[in-house]
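The following blocks contain the structures, represented as structure tokens.
Here chain A shows up in two complexes: once beside chain B, once beside chain C.
Right after this comes the complex of A and B.
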């Protein structure tokens, strides 16, 4: 990437980050997410890193896409609606540069919003004087902070993928109302719809037991679950519900990220 | 300018339609370096569409638009309703656009030009509509594009600021920038324009200097002259001056 392009990406990303930091609505959302994450170890007990991973997995699977969509679904739509996108187009900015800059700026904000509360939640583990071990914790023979570090890292990837989908939504929608409707429906598809479709495929025989793992990996939420169970909850992975294997999960998430950013680049404006 | 110098802007036989609705038909004109070309006409006559085509925001259905410039940013653009990210100050906004253009913007100078030098740190959402338009003009000049396309630059401004905008446009033209603007402010046209293009129902019905237009129609004022050519066009359905020029 040339110096000029790099400067454009940096400027666009900084603008997005600053806009998020200066908007009260986003700060409220971040606070609510932080409280939700903190409530899991605070109310449910933090009997160890592995139990914390297992207790946080489902809330995170739902809340992270919600947060990422809130941060991203209007990112480009707002510029277009305001007419500022037309102005930006008169500068020597490529579509890919613009989308990348917006995405990186918002991704920085989303990652901070997601990872900081998760990191803080981990402090409950050593602070808890009398851990309340869950049945899952008792099933685990080894508890190690590395599981939690992996969980946080995988969650970061999941958040970035969800943001990519949200940014693509923000380029496709033509009005604010259409953007909101599209964001909500896409969010439902991402969080539960694809999983339900796979279950439907399994019951009707469209998806066979052999292909279940790979098919589940097509769902970002399932892929996230698969990676968590493979790397961050290894000792209890066999005791959980069916989940995709690690490699299909990685491919699935990467596919979503690249695919949605490519879609955003194609649709952000016509050349 | 020398005789051999190409026009900065050449619009050749441009047509445009939104579906079945034709909004521009056989529009041709050119604009030389440092000239101010003012596009006037009734609402819905196709002015903004033509400006957006020249700015490269819409691809015309037919014909050709050529901007003879080697600049990284060949066209600066002020939309009809300029708006910026509300969370940022004027200085931050211009710096951002400077980064997009790949230049270090002298923010104070840009703001001084449009009369906003006293409020560089004010947030954009605290600006009046007129001040936002002035910021839009300052933005349009970032990167020193050889052609400026301004859609209603004096709309919503008080008479003093209209004078100021006219002076800014004069200065820019004096420095060699070509300015194509659309406006309903006929006084501003009289002050700023070297050539007035009258657009009616998607076609150019007159293209000449404000003085020549007044003399040709015998009208006392430019407003009267414009009304006259538009009325003639509507009654005779004849388009004149299809090949205008700012030279």
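Right after this comes the complex of A and C.
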């Protein structure tokens, strides 16, 4: 990438971040997300990093796409609606540069919104731990903060992928109403639809046990879940069954990210 | 806000998190054995361990580290460790074992005493070794006070030398697991067997002792002799001394097999506040139809005397207070239809095996601190039945009286109703207790005690049990402070009806290894509390307990709610009490919180979870009856 294009990306990303920071409603959204995440160890009890991962896995799987969509589903369509896109196109900006800039700017905000509450949630573990009676020997259990850090990383990737999908939605939709409808439908598909499709495939025999691992990786939510079980909940997931293979999930998530950004690039405007 | 810095910070944070994938988590790292004193131990009784320690004999031991449990579990006897590993309970509650160690005797040059106890020439030679690296002498003559035992060695040659001398054979760890893994540690069949065995023995003893009342009458007090003591001395053995109605102010000592029989309430023997009123120092003594008063004031002994053993102090302090009746070395004696008014003990039985106490009435002190025990047994396998105890310290106090039977008694207003110390294999059945600090309390880690079908009302604690492989079943615990405390190891708490207490069941062990199933818990301020330790799972074989009002549906009609219940949890407690409970219970938000909480219980904070709450009470008729009163 040339210097000039890098500057363009930076300028565009800055513009997006400024837009996010200016919009106070986003702050409310992030606060609510943070409260939802914190409520899990606060109300449900943690006791360890591994239990916390297990407790947070499902809430995060549902809430992170919601958050990412809130940040992303209007990103580009709003520019188009206000005519700013036409202004931008008067500059020598390539489509890919524009999409990447928008994506990076929004991704910065989304990652901060996801990572900070998760980091805070982890502080409940040492705060809430019960002191061991001193006359008893304590041994290291399988519990380890490493698992939680891995969980945070995987969640970050999941958030970025979800944002990619949201940005693609914002380029495909042409009107505000269409944008909302498309965003909600896509969100439903991502959170439950694809998994339901896989289950349907199993029921009808289209998908067999052999192909299940690869098929599941097509759903971002399942790929996320598979990676968490494989890397961040290993002792629990691996106790009764072999940990799910990680490669299809990684490929699946990367595929979604690249695919959606490519789709956004192609559809953002006609050359 | 410059996007470069924010993005840079996020990327750096993200990158650091990514490093976590290159680090191997600590779990499963090399562990080394800890001092046995620092483990949570189970497996043998307090008596067995203390006997062995006092005699200087060695008990083979094990210790286990589990992946999801922060404490180390110690086992007296390799068999106990194998049993728990193979039962599946340990894995469910604590996760997979990370490391197992056993004591090995290769360097200790073990020999066996004549009784088969392990005696070591070189005590410091005992070492911890990984269980799968050791070899084991099984079926040899080696035993502990609890029974035959497996002896681990590090080197096969040493094990073979041992089996050459003491019999048995040498096997590896897998064979040991196979051999001792089959035995069900706690099972209803085992309980039924114990109950049947103890009941049959008690019935035989009661029937046999009744014949003591058929002895021919030889001497009548007042007619043939001036005092009771004179009559006792004059009467030939195996006859009856009759004490007509009247008050006899004297202390009596009986040193031959004799029956002393009065006319019931109207025959009063009054010791005048001077020590023990009637003492029997011979086997086969019967005391019947008497009223005893004027017991001396000493509720405890002075501790002076000539007794050896680690429990000498207990024997000399508890066993040497004043009593209405003292049976000392009086095997197969009988106390029948006797009333004792006492500020100290009612009946003390020391070294009087097979004693029967039937139809005793003890009127003790109003304040328990002033009094002592209704019946106190030491080294005496006794039957205490159909008796009434009012006031005083403990209704029945037992010390090292294995296999005794306490049944069909009524106890009111005291410290503890039945108080077992260092007593295993006892049956406490069908007694009623009220206004006590505790109904039945078992201490000092014995094993195989059965607390069956008792009724405890208005007491601070209904049943409190310590020990191993014991059974608390079919009891009715109503209107008290705490219904039951769930403690001890590998014990079963089943089919109890726990109603209207401040706390229904109190989980009181940091080593949850008990079965708590099919209890009916209703109307308590708190159905359960967890005071220490990790999450206890109170479900076995998919079936848990009946918690009145527990929300949830039974969609598959198997009698078990689909939703786990957490009786110690404020939220679930409220849900069970409110008509809106089912609505909240089906909220996905609460579902999210609850979903993963049954996983990895060993790592979580103290709590109780029942993954199979019952739809219907296990004893609906009892519950209805209790609720109606």
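In this text, the second predicted complex is superposed on the first by the 251 of 271 C-alpha atoms of A that agree within 3 Å, B and C clash if a C-alpha of one lies under 4 Å from a C-alpha of the other, contacts with A are read in each partner's own complex, and residues count from 1 in each chain.
Throughout what follows, contacts are C-beta pairs under 8 Å (C-beta built on N, C-alpha and C of every residue); 3 or more make two chains touch, one makes a residue touch a chain.
Owing to the predicted nature of the structure, the values given are computational and were not obtained by experimental measurement.
By the document's definition of touching, neither partner reaches A:126: not chain B, not chain C. In the superposition on chain A, A:156 makes contact with chain C only, while chain B stays out of contact range. Looking at the shared chain after the overlay, A:200 reaches neither chain B nor chain C. Using the contact criterion defined above for the overlaid structures, shared-chain residue A:104 touches chain C, although it does not reach chain B. Once chain A of one complex is fitted onto chain A of the other, the partner contacts of A:146 are limited to chain C, with no touch recorded for chain B.
When the shared chain is aligned, chain B comes close enough to touch A:82, but chain C does not.
Note on chain A: of its two partners chain C and chain B, the one contacting more of its residues is C.
Of the two partner chains placed by superposition, chain B and chain C are both touched by A:10. By the touch criterion stated above, A:55 is placed in contact with chain C alone, chain B being left untouched. In the superposition on chain A, contact is made by A:90 with chain B only, not with chain C. Common to the chain B and chain C interfaces on chain A are residues 10, 18. The residues of chain C lying in touch with chain A in their complex are 1-4, 6-7, 10, 13-14, 17-18, 20-21, 23, 25-29, 31, 34-35, 37-40, 65-72, 95-96, 98, 510, 534, 571, 592-597, 599-600, 602-607. On the side of chain B, the complex with chain A involves touching residues 52, 55-57, 59, 72-73, 75-77, 79, 81-85, 87-88, 92, 96-97, 99-102, 136, 139, 143, 145.
Listed in rising order, the residues of chain A touching chain C in the complex are 10, 13-14, 16-18, 21, 39-40, 43-48, 50-51, 54-55, 57-59, 104-105, 107-108, 111-112, 115, 128, 130, 132-133, 135-144, 146-147, 149-150, 152-153, 156, 231, 234-236, 239. Considering their complex, residues 4, 7-8, 10-12, 15, 18-19, 22-23, 82-84, 86-93, 270 of chain A touch chain B.
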